[in-house]
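Below: the structure, in structure tokens.
Letters A, B, C and D name the chains as they come in the text, with residue numbers starting at 1 for each one.
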Amino acid sequence: MSGEVVFVLAAAAIFGLGVHGLLTAGHIMRKLLALNLMLSAVFLLLIVVPARIDGLPDPVPQALVLTGIVIAVSTTAFALALMVRLFRRQGHAAIHPDVDPRMLGHVTGRTSAGPQEEHDRGSGSR
Amino acid sequence: MNPAVLLVGLVFIPLVAALVAVILPVRFRRPVALLGALAWPLLLVPLSIAVARDQTLTLVFGGWTPPLGIGWRLDALGLVLLWVHALAGIAALPGAWHRFGPKVVAAAPFWPLWLILSTGVNAALLAADLFNLYVSLELTTLAAVALIATDDGIAALTAAMRYLLLGVLGSLMYVLGVGLVYAQTGSLAMDQADAAAIRDVALVLMLTGLMVKAAIFPLHVWLPHAYGNAPGPVAAIMSAVVGKVALVALWRIWFQTAADPPDLLADLLGLVGAVAIVYGALAAYMQPRLKMVIAWSSISQFGFLMLLLPLASQTAFQGAGFHLLAHGLAKAAMFLAAANIVTVLGSDSIRHLPGLDKRMPLEAFTLALGGVTLIGLPPSGGFTGKWMLLTAAWEQQGWFWLVLIALSGLMSAAYVFRILALTCFHPARRAVHELHARPPKITSLAALLLALLAVIIGLYPHPALELLGRGLPGGAS
Amino acid sequence: MIDLLALVMLLAGCFFVFAGTVGMLRLPDVYCRLHALTKADNLGLLLICLSLALLAGRLRITLLLLLIWLLALLASTVSAHLIARHSRARRPPTGEPQ
Amino acid sequence: MNAQIVVDIALGLILVGLAAQVALGRHLFRSIVFYVAFGLAMAVIWARLGAADLALADAAIGAGLTGALMMVAFRRLVGIDPEQAQAQMTRHSHVAVAVAALTAGLVATVGLAALTMARAPESAGMQVLARLEETGLGNPVTGVLLVFRGFDTLIEMAVLLTAFVGSRVMTQRSRLNVTTISGFELPLVRTLVAVILPLAVLIAMHLLWIGADQPGGAFQAGAVLAGSGVLLLLTGTLLPAPRSNAMARLALVAGVAALSLLVLVPLSQGRPPLAFLGKGSLLFAEAAMMVSVAVSLTLLFAGAPALKAGRQ
């Protein structure tokens, strides 16, 4: 058993945990966390699986993963802004409008617009 | 001059325009975006001549030949989709211009995003490198999601979020597949990356990832809400190209990276397409809103395009490629017409449709023409595409596919005629209440021209068919 | 000889860090936890840095390790202070376990 | 060798344990905190594998900035609705456990199979190492990022720009949220800022400068600067500004613009796009990218189009 095997197994476990998180999460931020975990697992596999060159990881996958990390943080930042906006508009942070009320906890029954509706509701102009 | 250099313009004209638009104050963004969005399609004329002559154009960045560097490749299929992109984009401009004027809140980010979407689509169409395709598709997805969110309704924001999360899931599966291919073959170039043992797994991973992005059933769940709730011009450009870019990438990987794709998988994916055709059409028939009908119809039509994988012949490719062209134009036209209907009526509920042909005849005509293409009635472009696919199924004695293609026309007819019957022949043809100011006539005319174009290409199909007749995306026939 | 000394310091450092972690998990309230976290951890980090400096035996590395320790010290001082302050504003210390 | 495998197993277990806390933890805030710890553990594993560039990037971006962005988003949710602090919103499902276990098993099988499979004798990575000399760079990862696959990096910077512009669609409709934490007026905090800030700038410059030959580069340097930007926002030294300004917009597009120049300038000389223009041009592009990364991420954290000076 070598280090590579250990890290492949770890990546698989993390991927599975991410899948579990994605399936069970009601809150959008939890889904984002789960997706980020899965991405990390993929990145780990990308580095561990290709052959090492002179005892170091192949530079090409390293560059790919570095690119992937920056894309991941960009996407996450954008998704968080979208989540905050959606939360303002609908008052809860679940994706499905017809979500199981128990999952929304305290916001049950608050079906219409969110608690801090702004002046420029809708897509209209200022 | 090597015509391949012109390819740079396809990506960098919209990109540089986007940068300029970001730097300039808000009031200058719209004209800059207009210039950028009108400039890059001009390159398609010389590029079409070059592709017609040389079959494919290739460009290698920095002179570092793959697998060291990144290559671009423009073939007939890419060219067809570039034309769809250009035409749909130009037709969507009047509507976008009207809706996102400088006084609108979302206009400041809208115009740069519009240009970035074009950049991403064109880069993804040209990509001949597996990882470059990933970054380009990410750019496309992110811009598309943000453009959907410019609507700011709960439905649009929810749709955007769902699209984003599923898109990330799809791309991470795709990247995992790419990583496995690289590990085994040491190359990321699409035509060098073939290998043996782990390939099928990697292929399945990459295809699944792309199927999410292309909204192929059963990974389609993001599409109807996204298209149905996005602002009209955005829905038009997205239905015309954004999903199809992923589909074209899927075809390319299928025929190029997997030089000898397994038959079982081909039949399975064809079957998935078959279910999508039926399911999408049924769902489209049930929808209470016009835009949702058009959106669900895309699921059905995308399923249709998956039939290329099991048929896999020259004729089938011509048919599928042509269908891509006709469907893209018709869909964009229908979404643009629907957008005008929403603007005027304040809603696109089909309850409001009766009597529309009197008050908004151009829109009603556009919907009818688009519908004709979707069904595949002669002489529309949709007919040519379906006919070629039928011929391909006949040649290979694929009776199941034959019946399916014939059936799909009937099913499209069901949801299209439901809309048209409601619009023109409903007994209770109430007067349409105009709630809002009518958008400028040019927006209606642009949609109508696009729909007409989708019919006209059916009358003159030869240039496109000849281009597509050069070969499957992999070059093999 | 130097190796042995370094080893002892490394182990001692690990012990202090470990103790700090146990303290953070086991102690009853915010103030006690901060106490464990800052004091034990900083001492542990110092010992580890010193031992690594001994093993490296180069001035540049030693100075860098010292810088790392000072930065960590500064960061933990300020963050502990802020956490304690925030905590006191919300729930003043009573001496009783919370 | 044996000691190595023990360390590897311990690292793997720590990583999986932290991931479990993120995915299964009850409270959202706790999960976010554990995600930061997960990112740091990831960085340690990159270092163990010899991928120093990734270790730096993951520590700064993956753990630090992603964590900061998540925390500030969490705070915004709590600001809108205080009860969000107790948000749980997870359901229990045996199906989910089964699917997750199945997926993990599949990934493990595929990964282990991929480890043992036959590999092509020649890979792009070997070509990179063989031809790195032509570029005069010492760090092969920088070579891939900026020379051999520079176009990927350009699109990546465009993605970052898109994330910012796209976020504006949402943030411009909302009131500006205060990102400052209480207690910034304390002398202790000011000392911290006074010490950390110049040091962070120094470290960023160092990372940028050595990036050509050693681990480091524009992304790592930009992330360090963005971290300082976050600190300045938290302490109220910088505040979110409601209106954009030309400086901020130039900084945002600098990275894509510089890389576009690297693509387009060779064209005017009749060479292929992105043809190598020498080490100086790379440093220029990296400096621009660093500025863009730093400014974009700081502004994404602030949720604002620009920054202004706060109380000193």
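As a working rule, a residue touches a chain if its C-beta (ideal position, glycine included) is under 8 Å from a C-beta of that chain, and two chains touch if they have at least 3 such contacts.
Since the model is a prediction, treat every value here as computed from it, not as a measurement.
K.L.:
Work out per-chain C-alpha centres and flag the one nearest the whole-protein C-alpha centre.
P.N.:
That would be A.
K.L.:
Per the definition at the top, count C-beta pairs in contact and tell me whether A-B or B-D has more.
P.N.:
B-D
K.L.:
Report the inter-chain centroid distance for chain B and chain C in whole angstrom, where each centroid is the mean of the CA atoms.
P.N.:
Distance between chain centres: 57 Å.
K.L.:
Any idea how many Å lie between the Cα centroids of chain B and chain D?
P.N.:
Centre separation, chain B to chain D: 32 Å.
K.L.:
In whole angstrom, what separates the CA-based centres of chain A and chain B?
P.N.:
26
K.L.:
Out of chain B, which residues touch more than one other chain, so two or more?
P.N.:
Chain B, residues with two or more chain partners: 105-106, 131, 135, 138, 142, 145-146, 149-150, 152, 180, 182-183, 186, 188.
K.L.:
Please set out, as single numbers or ranges, the residues of chain C touching at least two other chains.
P.N.:
Residues of chain C never touch two or more of the other chains.
K.L.:
Please set out, as single numbers or ranges, the residues of chain A touching at least two other chains.
P.N.:
In chain A, 32, 45, 49-51, 60-61, 64, 67, 71, 74-75, 78, 82-83, 85, 120 touch at least two other chains.
K.L.:
List the residues on chain D that touch chain A in their complex, please.
P.N.:
4-5, 8-9, 11-13, 15-16, 19-20, 22-24, 28, 31-32, 35, 38-39, 42, 45-46, 48-51, 53-54, 57-58, 61-62, 65-66, 69-70, 73-74, 76-77, 80-81, 83-84, 86-93, 95-97, 99-101, 103-105, 107-108, 111-112, 114-115, 119, 123-126, 128-129, 140-141, 143-145, 149, 152-153, 156, 159-160, 162-164, 166-167, 170-171, 173-175, 219, 293, 296-297, 300-301, 303
K.L.:
Over in the complex, which chain B residues touch chain D? Could you list them?
P.N.:
By the definition above, chain B touches chain D via 5, 8, 12, 15-16, 19, 22-23, 59-64, 67-70, 105-106, 108-110, 112-113, 116, 119-120, 123, 131-132, 135-136, 138-139, 142-143, 145-146, 149-150, 152, 180, 182-188, 195-198, 201.
K.L.:
For chain D, which residues count as touching chain C in their complex?
P.N.:
Residues 181-183, 186, 188-189, 191-192, 195-196, 199.
K.L.:
Note which residues of chain C are touching chain D in the complex, please.
P.N.:
71, 74-75, 77-78, 81-82, 85-86, 89
K.L.:
Where on chain B does chain A make contact in their complex?
P.N.:
Checking each residue of chain B against chain A gives 101, 103-106, 131, 135, 138, 142, 145-146, 149-158, 160-162, 164-165, 168-169, 172, 175-176, 179-180, 182-183, 186, 188, 231.
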